[in-house]
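Sharing a structure with you now.
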Amino acid sequence: MGKYDGMTAKRPVLELRRIIKSYPGVVALDGVDFTVYENEIVGLVGENGAGKSTLMKILIGLIQPDKGSYSLRGEPVTLRDPADAARLGVGMVFQEGSLVPNLSIMENLFLCHEIGFRRFGFLSKRAMRQAAYAALAPVKVGSDLEIAIADTTPAVRQMVEIARLLWLSRLYNHKNPVLILDEPTTVLTENERETLFSILDQIKNQASIVLISHRLQEIVENSDRVIILKDGKNVTELGAERASIPEIEKMMVGHSFETDRYREDEQVEPGNATLLRVQKLSKRGAFEPVDFSVRRGEIVSLVGLVGSGKEEVCRCITGLDKPDGGSIALGGKKLSPGSPSEAVRSGIGNIPIDRRSEGLALGMTLAENINLLVLDQLKVAGFISPALERKSAMRWIGECRIKSPSSSTVCANLSGGNQQKTVIAKWLSSRIQFLVLDHPTRGVDVGAKEEIYRLIRKLARDGVGMIVMCDTLEEDIGLCSRMLIMKDGRLVGEMACPPYKKPSPSEIIGLIV
Amino acid sequence: MWFHPSLFLSLRRLFLSPIPLFTPVPLPGKILTGVVCVSFLVASPHEAPAAESSPVTLAISIRTLSSPYQVMYKVGAESYAKQVGLPLDVLTTEANSQKGLTDIKSEVARTGGNVAFFIDPNDAADAVPIAKALEAAGVYFVTWWSKPADVKVWDYPHWIAHASFDGFAAGTYTATELFKTFKTPGKGKIIALQGRLGDTPNAERWEGLQQVLSQNPGIQLLQWESAKWDRTQAYNDTKAMLVAHPDIDGVWTANDDMAMGAIQALKEAGLAGKVLVSGCDGIPEMFDAIKGGLAAATILNDGKYQAELGLAMSLAAKQGKLDVASLPQKYRQFEIPAVNVNRENVNQVVHDYLENTPTYDLTDFFAKWSKAIP
Amino acid sequence: MPNNVTAKPSAHASGWLSISVAKGQRWLQRSGIGGQLLCLIIVTGLFAIGTRGKYLSRANLQVILSLTAIPAIIAIGLHQVVVLGGIDLSVEGIVALCVVFVGFLARNKFNSNDVGLWIIPIIAGIGCLAGVINGLLNTKLKIPSFISTLGMSWVLWGLAVFVSKGQTIPLLNNPLSGFVNGYVLGIPNLAVVAIVLLAVVQILQDRTRFGRYVYAIGGDEVLAAQAGVKLHQIKIIVFGIAGLFYGLSALFLAVQLDSAQAITGNNLLFPAVTAVAVGGVALTGGIGGAKNAALGALIVTALNDGLILLNVNPYAQEAANGFVLVVAVALTIDRKKLGFIK
């Protein structure tokens, strides 16, 4: 896939030279060079705080650099705003999407550029429909054009955004538009991911793509070149065939990972005491009766495809859903089903997959989120004591190594990794007995991942029992001491994962599918 | 906080005297003022010696200036103020009881209590807090139209009187006149429009209609709607009712604005002049309608007279010329009749009351007294 | 669903009739008035039975149409502001002011002015100006529309009362009288005016860029701005159009009653907001069109007329209106947008 062999005759489309951008107190970009050539896919990687987002904002004209030059197709340009950039053929597909939810696919495609479709002052729906089909063909979206964007899947939305950018650049007669995709695969299923990359490969013939992702596997597989940023500087640029994941990670973080990334040496053998006991738990339409137990300090991985029922099992354990039959008991005591507050009170914590909407109160500060569950213990004479609050918050910020300007930073302003650490800190401080972790390192950069594994090991050492569902099978295998395999709503297998004797992914995959 | 200037001065002198009346404690300014105010409240309210150097202010508190009827209050008050050469303040409640009360209190504070009031309370219940406030300030006042039935004027020495137009008489008069216009006397069908259902005048007039109906078994009330005193609403409701009852002989309404709306609807149905309406209030357009044969009758609540009478009584009490305490109860709560207007006397009424402001004889306050309100 | 290339749907299916039926069904589904039409049919049916057919008599249908016209015009003006995501509470104030101007400028009993048919553009202009001020307050001064329009209502209403000194100004021989009270082919002229305005606005919404941008702003203002929509311009125009519609309504009201009073506009706001909500225009914005607003007005008027025909207790009529409003809002708002209900 995508071979880039040094200096060929490919022309640069976009060139940033010696870009410097500072904010009060911090230099975000310190003399960064960035070039995008025609018809290529460039992967851009770096830790949070390495300067990726600042660079992107400059690329599309959201902010201006303090120093440095920006040229498109050989001409220096100054971009006033993203609309300007879109007109010049540089566009970005944001993670959250920028389509107006109540307008249809067709309307969003051409928003603010419908002039060409006017007939006698009115918009011709027929002309728009024709153009829409043409524009959507390369991204293979064939669904009903009149559906409101809010009713489509994230995959479709992304495709529509890509189509819009391509269409806009054709409208303004730019030959080789530059599309920047920010973490495009976070919200996609396995299938959709494959489709995306196959489409990108085809689009390469008429555009250049900058791919930003934490998933180094994807970057390596799909890019022609990989550019690594660290601390606001270019570290290096690798051709795809020379790029390997450990190599890239080393450059991103500045030190090499121990081969033992999951800290297997810290994996302890759990005691014999059964902590969580699930008996004949079932839910119509989701999963059939399952039985299993988790011991104190044990990390159990629950693996399976989407639809295997593993997410629903976890939702029942954390009280978000009510099971139709069976029981859940923690420390011998039966839990009343279907009540998240009851679950929390009994000592079951939940680190959800979508920390932004379910795990954190984004509008509240770091300290407030950490202390959320233990406010009772921070009272003096009946009222919450600010001093105790701060003390508790600082303690956990230190323990979990959360990087933030202060404990009163609003959580929305923290990076993904730090947000996740905050969620974990919240549970750590409340001394729960059992934790369900749903994709704990999703959207978290490499350095922060390391630290989260460290925290998970610490939790296990403290006797907390855990069920994890990870992003990759490797992560599942590496973290757990035991693996439960689900398929089509049934528990089909169990595998021990002792340290240094871990099964390989291929052994497991056969059971999953 | 409101307090009479000379009383405050005397209290202040007490504080500054070399003989401490209570242990001198160093108090910050705010607490000092508070103590003064509290002690004033506790002290019994009494009139300062009548060494008035400044003229009395006349004040009226009415509902709004957007109603032609209410504007009559202002016209009458201005005329009276000019007669006696005193300043006049016009306060409007704009259907907000809270505002009404606050404005009255501010007025008292502003004039230092040197004011005489005529008040048309926004709501019957407002009469009580108003009475209490003015009583405590020692201000004389007269109220009109709305007060709770169980509250008695004679319990408040400064509440000179509460008067009202005889709504019941208005209702009976207009109904009777309307029924006279029917093709067959004593037989016919009517529809009716009430005003806002909670208002006292509405209830009284409605009572009047009901009584006349009971005396005329041949006349049927087919349907009524509440048009809330609003012309547009009356127009809409009449149009709708005419569909249900296309064959009627008259429309009784509780006020002239609604009557005008009903007339418009009748015009469109081609019934104007054949089916007449009746109203209350006496607005100029209604007189034109009566003259033009579209309406049967109305009553003129002489707003000008109301205001002039009220102010005259308050002023007299303030100046010591009227001894409120010696008035019999029947003169403290009473009704006066409105001017009845029908097709026969409409021109006369227009001449006397609209084209000119009659010079009212205000020497005998109770000249028009018709009956007591129990 | 996605990611499969499908050809453009064939236009040559089995016959013209079935295409039309299918298109009609899809239009109904998409246009969002299916529920309202059903509601109207049920209401009409119930009242028709209850009044033994009198509800459906020509006279009554004419009355319903004639009484719907003005609230419909107001609702059509108002709903666009709601689609933007705001609310326009200035109806009564703008109408009051415009009515008073009609009183002074058309032939009347108090002065010798007589601008004849020029009254139409003049009043439309005054209403539009008032609306534009609403828009400026909302965009340039960044005052939330709830507050700014409420404030404007009081200011304009007070101005109207002050200028007219609270008097009622009778109109004389107004040239529009015949039109306002007349019928064409049995349909009240005002209803025809409402239908024409409905069509104009609906086309504006469906077929012009301007209409598209209004929905974009209502859907997500930030994203719309990012896409290049000129927020301030669009908002001011929408408020201006609303004001213009209120002005026209004021003119028709005054001519209908042959008199101009500052209080003529009172009690117009609640039915208009109810109509907008009942018609299916979400108060959270981004959803609903002119046909929704007009249909809502028709349903509310049909309901009230039916209650009168059935001689339902007037106390209960008020309650019925309030109930309908709450139910309509509950069914149409987009709770996802609101997060926490305040």
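To keep things simple, chains are lettered A, B and C as they appear, and every chain counts its residues starting from 1.
Note that in this section a contact is a pair of C-beta atoms (placed from the backbone, for glycine too) under 8 Å apart; a residue touches a chain by one contact, two chains touch by 3 or more.
Predicted, not measured: the structure shown is a model, and the values here were computed from it.
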{"item": "Any chain that touches chain C and chain B", "value": "none"}
{"item": "Chain occupying the middle, per Cα centroid", "value": "C"}
{"item": "Where chain B and chain C are represented by their mean Cα positions, the distance between them in whole Å", "value": "38"}
{"item": "Length of the line joining the C-alpha centres of chain A and chain C, rounded to whole Å", "value": "46"}
{"item": "Chain centre separation in whole Å, for chain B relative to chain A (CA means)", "value": "72"}
{"item": "Numbers and ranges of chain A residues touching at least 2 other chains", "value": "none"}
{"item": "Contacting residues of chain A [partner chain C, same complex]", "value": "82-83, 98-103, 107, 111-115, 118, 121-123, 125, 129-130, 133, 137, 140-143, 146, 152-153, 155-156, 159, 192, 195"}
{"item": "Chain C-facing residues of chain B, complex", "value": "64-68, 70-71, 194, 197, 223-226, 228, 230-233, 235-237, 239-244, 246, 257, 260-261, 264, 267-268, 283-285, 288"}
{"item": "List of chain C residues in touch with chain B within their complex", "value": "51, 54, 57, 59-60, 63, 66-67, 160-162, 164-168, 170, 181, 253, 256-259, 261-264, 266-268, 304-305, 308-309, 311, 314-315"}
{"item": "Touch list for chain C against partner chain A, complex", "value": "1-6, 8, 30, 203, 207-209, 212-213, 215-216, 218-220, 223-224, 226-229, 286-287"}
